[in-house]
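In this document, chain identifiers A, B, C and D correspond to the written order of the chains, with residue numbering beginning at 1 in each.
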Amino acid sequence: MASESAAQPGKLALDTPVGVIRDLLGKYQKTGDAYWRAVALFGVLFALGIIGFIMRLSDGVSDKAVWGYYAAMFAFILTTAQAAPMVAIATRLTKAHWRRPISRAAELWTIVGLFNLILFIPLLWVLPSLEDGRRSLWFFGNVDDIPIYSPHIWATLALVFLVIAGLMMLWVSCLPDLATIRDNSSGWRQRWAKRLAFQWRGTSAQWNMQHHRLGILGAFYFMMLVFVHFLISVDFLMALVPGWIDALFPATHAANALQAGAATMLLTLFFLRQFGGYKDYITLDQMWLLGKILFALSLLWFWFWFSSFIILWYGKRPNEQAVLELLMIGPYLPVFMAAFILNFLVPLFTMIWNPLRKSLWGPPLIATSVIIGTFFDRIRLYVATYTVPGIGDPAVDKHGALAMDAITKANLPDLADIFIIVGVIGGSILVFLLATRIIPSVSIWEQRELLLYKVHKPFHRTEVMVLGKRD
Amino acid sequence: MQDHIQIDHKDINRDLLSGVLGTPSWWLGAVVFLTLVFLAGIGAFGYMLNKGIGVTGLNRPIMWGFFMTNFVFWIGISHAGIMISAILRLTQAEWRRPITRAAEVMTVFSLMAALMAAPLVHVGRPWRAALWVFPYDFARGVWPNIRSPFIWDPSAVMTYLTASSLFVFVALLPDLAVIRDRATGKWAPKIYSALCMGWRGTPRQWKLQALAGILLSALVLPVFVSVHSIVSWDFAVNIGVEGWHSTIFAPYFIIGAIHSGVSAVAMLMAVMVWLWKLDKYIRPDHFDAIGRLLIVVATTWFFFFFLEWVFALYTLEGPELALRELQVFQWPYIFLFILFLMTAYFIPVPLWLFKKVRRSIPLMFFTTVLVNVGMWLERFLIIIPGMARKTPLTFDWGTYHPSLVEILMVASTFAWVALGMLLFSKVFPLIPIFDIKEGMVFRDEVKIGRRTIPASIRE
Amino acid sequence: MAEESWGMVVDLDKCTGCQACVVACQSENNIPINDEDLFNQRRPIQWIRIERYWEGEFPNVKARFIPIMCQHCGDAPCEPVCPVFATYHNFEGLNVQVYNRCIGTRFCANNCPYQIRFFNFWEPEWPESLKNQLNPDVTVRSRGIMEKCTFCIQRIRRTGQDADRNGGDPTSAEYERSLNPACVNACPTETLAFGDFNNPDSKASKMRDKDSVEEGRAYSLLEEFGTNPSVVYLKKVDELAEEVVHG
Amino acid sequence: MNQRSLLGLFTDEDTAADALDALQAEGYGTKEYEVLTGTPYPEGTFGEAEPIHKLFRWPLIGAACGFIIGLILTTGTQIAYPLVTGGKPILGIPPMAIIMYEGTMLGAILFTVVGIIFESRLPRLFMGAYDTRITEGYIGVAVTTDEERLGKAEEVLRRVGAEDITRG
C-alpha cells in the first residue's frame, strides 16, 4: 500500500507523483549483479537450445515425428508467454485498479512473442501440405480450389498479426513512460526514449487517444490470440490425427492459454517482487486477486477437458476411442495424469485453503505447478499427435470417421529435444530480462494515475479505502 | 458511472415495498389472465395424459420436439439469475445491486418452468417417471441407471433449484425484517417475523449476510455451469442423431444460456421500471452496464456458434452435410435460421454498440426480446433438424409440425414464470432493499481538480 | 447357463423386397395394425422393415432392398441412455426391452442409428375380428412405451424349454424351425438366417463364415458407429455394378 | 440472573459510536451491548468488536458429506443390480463423477446455508428491545444486561444523546 510505505522512514514518499517517478526510474536504471548472472545463465541455456536445434536440423524435416518436442515447445510459449498480456488487457478493460502495478510486466511478454514467431518458422517445413490428404479448415473436398499451403499461410499471418498487435500495445502503453524517461534520464536510454516517445507531451487529446488505442489494441490482441490458437490447434494438431474431431478443442487450447498466462504472470510478479525490488508496488492484493483468477481458470481447464472427454467416452465410436487412447489413456497416460494433477487437482485443493491463497508465496507456488502442468499438457498433445503415422495416406484419413489403425508407443525426448526444451525456455526468459532493461517493468503513468483514484480516509471510527471509477 | 441520488431510507422502504404493502391496480387483472393461460396449458397436458403422446406432432425420426426445446430454453433463462448476481457479486460490480433479487427469483421460477416443460410432461408414462426416476424407487430392487444423462439431469437441476432457492431466501432475510416492521393486519406481521427468524441487524448478522453473498455465489457458480453442461449432454451423447454428437455442446449451451438469460434480466428490468415505477432505482446506467455485458456475452456465444459450424463442415460427412443443408436452405428452416441469426446476434449487437441504445429502456427491452426469440429458435434449430436427418438411412428422414397441445403447453410455461414473478412481488420486494441502502452507504466520490469521480468504499 | 450369442445373417443378394417378413413379424409379435392414418402420421410400427433405395440413372435404374431390424448391438448406443434400465444387454447377446420398466423418454430411439426403436404414440387397437389372433406368448404393449425387435425371444425361450424337456441342443438343426424368428421362417428366398454365432455349425455361423472368408461379402451396418451388431449383412452380388457406377 | 435489554436510538453514526465508547468507559463488556442498523456498514464503523465466525468450515464439511453420499449412491445402486448397458463398465467413473459432483455441491450449499443462519445467531426467539425505526435508518444501540445495571446504561445513552430509549 502506498500510504504504508510512506510511513516508513528513510523512504521516498510513494504517495506523491514525484516519489513514484524517482523510485521507479531508479529501479529501472540501476542493474544489479544478480540480474547479469541471470542473463548469463539463461544465455547459456539459450545457446544449448541453438545446439539442439542444429542437431534436429541434421535429421531433416521430412519426418515430423522427431519435431514433436519442438512443436510442443512452440505451443508452450504460445500458451504461456503470449497469453500473459491478457492479464493486462482483461483487467484494463474492466477498469480494475489492482492491475496498475502489473500491467506493464504483462505487456512486456509480448516481446517474447517475437521470439516465438521465429520458433514457428521451421514448423512450416515440417508440417505436411494439403496435398498429402490431411484435412484442414481450408479444405472442403477439392484441393485444387485453394493453395495447398493455405493452412501454413493463414497461421503465419495470424501469428504475425498477433505479435504486431502485442508490440503496438506495448508501445502505446509505454508512450507516457518513454516521455518520462526522455525527460528524467540520460545516456542511451534518453536517446532511444526520445526517438520512440515522439511528441508525447501529455495533452488531454494524447491521453484520450492513448486510452482508446489501448482498449482497441487490447481487444484486437485477444481476438488474434483466440484466432491463432484456433488455427494452430486445428491445422497443426487436430488435422494430423485421422478421426480426431473435437469441436471444443480450439476453445480448450485457448482457455488453457489464459490459465497458463495468468500463472506466468504470477511467477513474473513473484520474481519482480523478490529480486526486482518492487515490494512497494506488487503487494498481497495483486497476488491474491490474480490467484483467484488462476483458480477460476484452473476449474475451467477441468470443465473444458471433461466436456470433451465425456462425449468421446460416451460416444464410443472407433475413431473416438482411438483419440482417447492416443492422448489420454494410452502410452501418454503418465504425462496426461501429470498434466491433470498439476493443472487442476493441485490448484483446486490448495486454493480452497484460505491462508495459502491469501499469502505472498502461495499463489506463485500454485502457478509453478500450473506452468509445469501446461508443459506436460502440450507434450502429450503435440508429441503424441506428431508421431501419428498415416497422414498423406487418403485411405486412412478419407472419411474422418475412420480411426487410426494402431497407436504408436510414447516418444521419449532425445538429447536434442532436451536441449531444445531448455533452450526455448531459457531464450524466452532471456528476452524478457533484456526487455526489462529497455522498458520500466512497472508502468509509471499508471501508478501516478492510481494516486488520483485511490484515497484512504477515515469513516467514522474506521479507515476505508475509496476507489474512484472513471467511466 | 452510477449517478448519485441519495434517498431517505423511509422513501426507499415506501418505494420498494409499494408492491407488497399495497397492490398495484393492474396486478389482479394480470394475475387472472396469466392464470387462465397457465390453466389452458394444464388442460392440454390433461388431454395428452388421457390420449397419449400421439396428440403431439412428434413422430418416428423426431422423438423430441417443442417440450425439449422449451426445457432447454428455460434452463437457459434460469442461468441469468446466478450469472448476474453471483458473478457481479464476486467482481463487486456496484450496478448489480437493484437487479440481483429479480434475477435470482426468475432463476427459481424458470427452473420450475423447465421442470414443467420436459422431464415429466414429455415422457410416455409420466405417472411412472414421477415414481421411478425421482425419487428413487426402492421397491423394485432395480435402481435408476446412473449412466443415463436423464439421471444426471434431475440430480443437477434439483441441486440447482435447491441452491438458488436458498440463495434467494438468505438474501431475503434483512428485507423480511423490513416488511415485518411495516406489515399490518392480523397474520402478516407474525408470518414475516417467523420468516426473518428474528433478524435485528447486528454487525455480526450483516457481516454474515455479506459473506453469504460471496460464499454462496462461489458455490452456486460451479453448479450453474454443471447444470447446463449436463442438459447439453442429453443431446451430445447421442451418436445416433446427426449434428448432436459434438464436444462443444456444453460450453456452447452455457454461453447461449447466459446470452438469453442476461437478456431476459434486461427485459425484466424494463418491465419493473414500467410496472412498479422503479425508475429511481433502476437507472439508464444499469441498462448501459448490462448492455456492455451483453455485447461481450453475445460475441463469445457467436464464437462458439462459429466453432460448432466449422467442425460440422470439417467432418465432411454426407449425413452431416445433409443436415446442415436442411438447417440452412430448406423451407421453413431457412426462414427460421435467418430469423434466428438476425434476432440472436445481427440486430441486437450492432445496436448495443451505441450508448444511446444502451441507455434507452424501450430499445433495450425490444432488443432483448429479440434475443430471446432468437435463442428459443436456436434451441429448436439444434434439436429438430438433427433428428429429421438422422443417420445415413435416408429412407427414414422425416419432418415435424408442432400440434396445438404442444404450443399451448409452451405458452403456459411462459405464463407460469410471469405469474410466479407477480405472486412473488406481492409478498416480497423484487429489489433488495438492504442492498440499495448499502449501496448508498458505500457510495462516495473522489475529487480530482474540478471533477468529481464517483467512487465506492472498499473495506 | 448356456452362453449363446444369437445373431442373424441377411443375404442382400437374395432379398426380393417381398415384405413377407414384415407381415410375419406383425402377426407374431402383436404389433398394432399400421393403417394409412398411422403412416400419414409417420408413426407406423415395423420391427422389421424393408428399406427401398433407387440406384442408378434412367434407363438402368435399380431398386435396392435392405431389411432392417434391431441389430442387437454388442455396444448398443440405446442402452446406456435409458434412465430406468428398460433396455439392457443380456447374457445371450440380446438387446432386451423390458416394457414394464419403460417410461417412454424416447432417448433410446434418438440414440439408435438404425432407427429400429418404435414408440407407442397411441393405445394399440385391433379390430374385433383380429382380437383372437393375438399371440399369447407376447405382451401387448400399452401406449407410451418403446418397443423393438426381440429376435422373437418368446420362440427362443420356448425352444429352449422344449430342448430341455426332450433333450438336444436348441441351436441344432432339429430345432431350427421352432427357434427361428417369424421373419426368418417366413422368408421365401432364405435371405434371412438366424442362429447361435457361438455354435460354428449353426446355419447363421456357416453363412457368415463362408461368405466373409471366401467371398468377403459380410459387413455390418453403419460400421463407423462402432456398435458391433449381431446382424451380419452379405453384400449384393451385382454383375451390373460396373454399368451402374458409370451409367 | 435475569437479563433485561434496552435500546437507544440514534440518528447519526458518530453519536452511536460515542454511545458505544461511553458504555465501554462505564465498564460494560462487549458482549453486553450491540449496534442495530438497517443497513450494512463497513466493519468497525462504530468501533464495535469485530465478530468472529467459523463459516468457512461449514461448506467443507458439507462437501465431504455430499461426496460420500454421492459415492455410496452411485456405486451401491449399480452393484445392487448390475446390468450391462452399451458395453460400458458397471462402475463407469465419468457418470459417477457427475452425480458425485452434484452431491458434493448440494451438501456444501446446504451446510453453508445452515452455517450462515447459525453463525448469525438466528433464529432468535425473543427479540428483546427493538424498534421498527431501525429499518428506517435510525441506529440502535441495544444493551442486554442484568436488571440493576440497566438504569446506568439508560442514563449513559441519554447523556450521549439518544433520540429515544425503549425497554424490551
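Odds and ends about this structure:
As a convention for this text, a residue touches a chain if its C-beta (ideal position, glycine included) is under 8 Å from a C-beta of that chain, and two chains touch if they have at least 3 such contacts.
Quantities reported herein were computed from a predicted structural model and do not represent experimental measurements.
Of all chains in the assembly, those touching subunit A and also subunit C are B, D. Shared contact partners of subunit B and subunit C are A, D. Innermost chain of the displayed assembly, by C-alpha centre distance to the whole-protein C-alpha centre, is B. Per-pair counts of C-beta contacts peak for the chains B-D. Ranked by distance of CA centroids from subunit A, the top chain is C.
Between the Cα centres of subunit B and subunit D there is a gap of 30 Å.
One inter-chain figure worth recording: subunit A and subunit B are separated by 35 Å, centre to centre, where each centre is the mean of the chain's CA atoms. Rounded to a whole number, the gap between the C-alpha centres of subunit C and subunit D is 65 angstrom. For the pair subunit A and subunit D, the distance between mean C-alpha positions equals 43 Å. Residues of subunit D found to touch two or more other chains are 41-43, 46, 56, 81, 83, 85-88, 98.
Contact with two or more other chains is made by residues 75, 77-78, 80-82, 85, 225 of subunit C. In subunit B, 142, 144-145, 147, 151, 222, 237, 239, 457, 459 are the positions where the chain touches two or more neighbouring chains simultaneously.
Subunit C meets subunit D in the complex at residues 74-82, 85, 87-89, 228. Across the complex, subunit B meets subunit D through its residues 8-10, 13, 136, 141-147, 151-152, 155-156, 158-159, 162-163, 166, 169-170, 173, 177-178, 181-182, 193, 197-212, 215-216, 219-220, 222-223, 226, 230, 434, 437-438, 440-442, 457, 459.
Note for the complex: subunit D touches subunit A at residues 13-14, 17, 41-47, 56, 60, 86-88, 94, 98. On the subunit A side of its complex with subunit C, the touching residues are 314, 316-319, 321, 399, 401-402. Listed in rising order, the residues of subunit D touching subunit B in the complex are 34-43, 46, 48, 50-51, 53, 55-56, 59, 74, 77-78, 80-81, 83, 85-86, 88, 92, 95-96, 98-99, 101-103, 105-106, 108-110, 112-113, 116-117, 119-128, 130, 132, 134-137, 140, 142.
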